[in-house]
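So that we are looking at the same thing, I have put the structure below in structure tokens.
For reference, chains read A, B and C in written order, and residue numbers begin at 1 within each chain.
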Amino acid sequence: MRNLSIGSLLIRPEAGAFLGMVFVFVFFAVFGGSTFTSFSGAASWLNVAANLGIIAIPIGFLMIAGELDLSIGAMVPAASMSMGIISGYYGLPILVGVGLTMLFAATFGWINGIIVVRTEVPSLIVTMGTLFSIAGLTLFLSIFLTDTTAVALNAPAWAKAVFGDFYFGSYQIIILWWLGMTAIYVYFLHFSPWGNWLYAMGGDKVSARNAGIPTNKLTIGMFMLSSLSAAFVGICQTILFNSAQVSSGMSFIFNTIISVVIGGVILTGGFGSVIGIFFGTITFAMVNQGIYFTDFDRNLSSLIVGIMLLIAVLMNNTFRQMALTHTSPKKKK
Amino acid sequence: MKLFTNMLKSTAVAAVVMTASVATAPAADIAVIAGSIEDGFFNLIKKGVDDATLVVEANGGSVNYLRTSNYDNFGPDLVQLINTAVSQNVDGIAIPVWVPESQVPALKAAAAKGIKIMIYNSGASIREEVSGINYFGSDEFVAGVAGGEYMAKNGAKNIICHIQSPGAVNLEARCKGVKEGAAKHGAISTNLPLPANLDQNVTATSEAIKAELLKDPTIDAVITLAAWASDAAAVAIKQAGGPDKVKLGTFDMSPAVLARIKDGTQSMAIDQQPYLQGFLATSMLAAHIDFGTELATDPVLTGPAIIDASNIDTALAGVKKGAR
Amino acid sequence: MSKNIKSNRKPVLELRNVNKSFGPIDVLHDISLKVHKGEVLCLLGDNGAGKSTLIKTLCGVHKPTSGTILMDGEEVNFPNPRSAADKGISTVHQFGGTFPLMSIGRSFFVGVEPTKNFGPIKIFDRKKANEIAVKAVQDFGITRIDDGDRLIGGLSGGERQSLAIARAVHFGARVLILDEPTAALGVKQASHVLRIVNEAKKRGLAVIFITHQVMHAMAVGDHFAVLIRGGIAADFKKGERSREEITDLMAGGETMADLEAEIQASIDE
């Protein structure tokens, strides 16, 4: 049905991300030996990708719509602490912990969205504010309630099975969640009408609104989604690692944005794909974890991460240019 | 509420100090400068400072607790806090010295104005240079040696020492100590520095440690330098042979660390007892200013105290009270 | 010809004594305009003459401070751009498609996506969207566009304008407001767009063509209004004024000759 020429594949937003992923995989398969590609070695980077990917896709949505959410950086540890305090310190049932934590996350996401929509202050600034607010509130509340900044949580077996356990020896259950959510997000962005609205918003918000798209509702919804996703990862981590502590969680901000950008989403919005972000996240996880399978000096790891990322992003740029200038070959010659 | 009263207190202090500086100071007004608000370790220091404050206030003095907001602009931030304290005309400053190049000149200037300096947590080596009274803290290297010895004595042969923020002098010193302590009993220790973008990222750190364990099956012990990293390592060990094959030790502690020591999945935690650092630095500084007391021991090491299965229950009691 | 019939009919869109001020600043005074079905009204004016305020008033972004807007002889109010669009007023901006990184099919249907159902799940019908979009624009004579998956950003300026106009027509626009459609285009591209304007007119749309390029206006216009400092300085039909006269009018009533003399004087000083 579709013209599946190489040209038409190359103009897809995820093409660069895919080739980047293949490149990184081959690189580490060569230098990291068979452990990197082995069943348990693959779990190493897939686990990291899953934790990152669940947040990266909603961040990608926001970026496609021309927004950004830094507050996820504080949301991950905040949710982790909330979970730890409610179900660990106070010993309430896991579901109560999950429910309340998700409720907090939804509230903060909603606050982010409302402020962005009402004030038109760039979301970078707004969420930077909420980032610190959430971090401060987490610290204050955990000391106020528990007198410490770290709590332990021993989840019952069923909760571990659902949110944080290992299968086949080393595969985290969160990988399944990640795959499921990715499938739903692919539908949302590429096959549902709402996906079109997101692209339109990223292209030109005013025109999108004039075309009848409920841009405000959609923006608020996106912020709630990113906040909830961050909270979900925080919850899973707490249940898996039996522990929660106040931390800055700043690494999540950079790591998700980097994954999204490797995935082919542009910082100015309007362009990108879920599958691209999916590949981008795997690429980033492989770059980050791959080095531990190699014999490179560990002190070089940041350098290698940096260079790999630059290569990936430059590849994306090239492919986007190709997408813009590409004219499909005449179908009937 | 607490914040508000603290603010009132500090403005009141400032007012008192203004008038007091003309006459002779009735009692010690001191500033305690501390690390980031996000750093859980400093909540334990603060607990010590808070308890000492009760004593200082009973003697008519005051304590102003100043923290950096984060560690991103560390040196300049600390100098700024020193200058803030100096401008408040305090009689003494208790401070950790992490960035000697930045802090030493500022502290020298403060000392030249007659302000008494007390060093805690870090900076034993420059105490004399800034005319510090004493040092309360652990020696990272000594603590590392203790950790390495402990692991080696308990049968470890090949240790990895995880560094979450490569290049940080105190962390590198810890792992250097581990290496030395291990060597004393015929074991080796290798450093595992992870890039800073994995700092506080439990999943990625866990997977990285696991990768190391899978790559080199002779590794039989892991030492981490922070409580969260120990959580990560515990999960990695569980997948790569279990706690019977790979021992786990860590610097610092958390409820989860203690729970693991209690149930036997972690060997030990090295505690530098921050409560004592905060408590002693504050109370000894005030006593020195008020009463001229001096400790004969210098430096005063508050650690390492090793927590293992033998003393876990008393440690847990201290944690409940927010002091460990 | 048909002109006589037109004057007997009610105009599709009419402005009567419309004023618009922002606080103390009067931007539009006493604007009265009419545009009929199948007619191109050219709004000429220099930068700052109030053209963009007038467009925004027509398409519901601004509300007039006083005066009335009528459609088919009946008074209408546009509380927002959406309501103007619902009544069939469609605005195409200078750069046409405003979503450069969206595909032709997707951008064509922004906000009104065609869907097909798989059980309870709604799916954006990409194939249908692409087909309709490509057909709509080809009907306007732009046969170079044949792939609905191409990105808007890859089209030429003229093609984008044509696509935007085709889109407006497809969704039942009755009044087409073209805001400087030819300003950023080369000669060949501009003639493309002008041909499409003619085509839209032939299909019975009322077109309001905003420009400061007199040549382009004269090529397609039936009716002309010159806007100076927020007021209508002249209102005339095709053939009533020469190109030079119109240019002079736009320059604020001064003749080109006066202007040249003035410039010369300032150089001589």
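Simple rule for what comes next: a residue touches a chain if its C-beta (ideal position, glycine included) is under 8 Å from a C-beta of that chain, and two chains touch if they have at least 3 such contacts.
In this text, all values refer to a predicted model and were calculated from it rather than measured experimentally.
Note: the chain lying farthest from chain B is C, by mean C-alpha position.
A simple rule picks the central chain: find each chain's mean C-alpha point, then take the one closest to the mean of all protein C-alpha atoms, which gives A. Centre to centre, using the average C-alpha position, chain A and chain C are separated by 43 Å.
The centroid of the Cα atoms in chain A and the matching centroid in chain B are 33 Å apart. One inter-chain figure worth recording: chain B and chain C are separated by 70 Å, centre to centre, where each centre is the mean of the chain's CA atoms.
In chain A, no residue touches at least two other chains.
Chain C contributes residues 81-82, 85, 98-102, 106-107, 109-113, 115, 121-124, 146-147, 149-151, 153-154 to its touches with chain A in the complex. Residue ranges on chain B touching chain A, taken from their complex, read 37-38, 40, 43, 70, 166, 191-204, 206-208, 210-212, 214-215, 227-228, 231-232, 234-235, 238-239, 254-259, 319, 321-322. By the touch criterion stated above, chain A contacts chain C in their complex at residues 8, 11, 187, 190-193, 195-197, 199-200, 202-204, 207-213, 266, 270-271, 323-328, 330-331. Interface residues of chain A facing chain B in the complex, by the touch rule stated above, are 35, 40-41, 43-45, 47-48, 51, 77, 135-136, 139, 143, 147-152, 154, 166, 169-170, 172, 237, 240-243, 245-252, 254-255, 285, 288-289, 292-293, 298-299, 301-302, 305.
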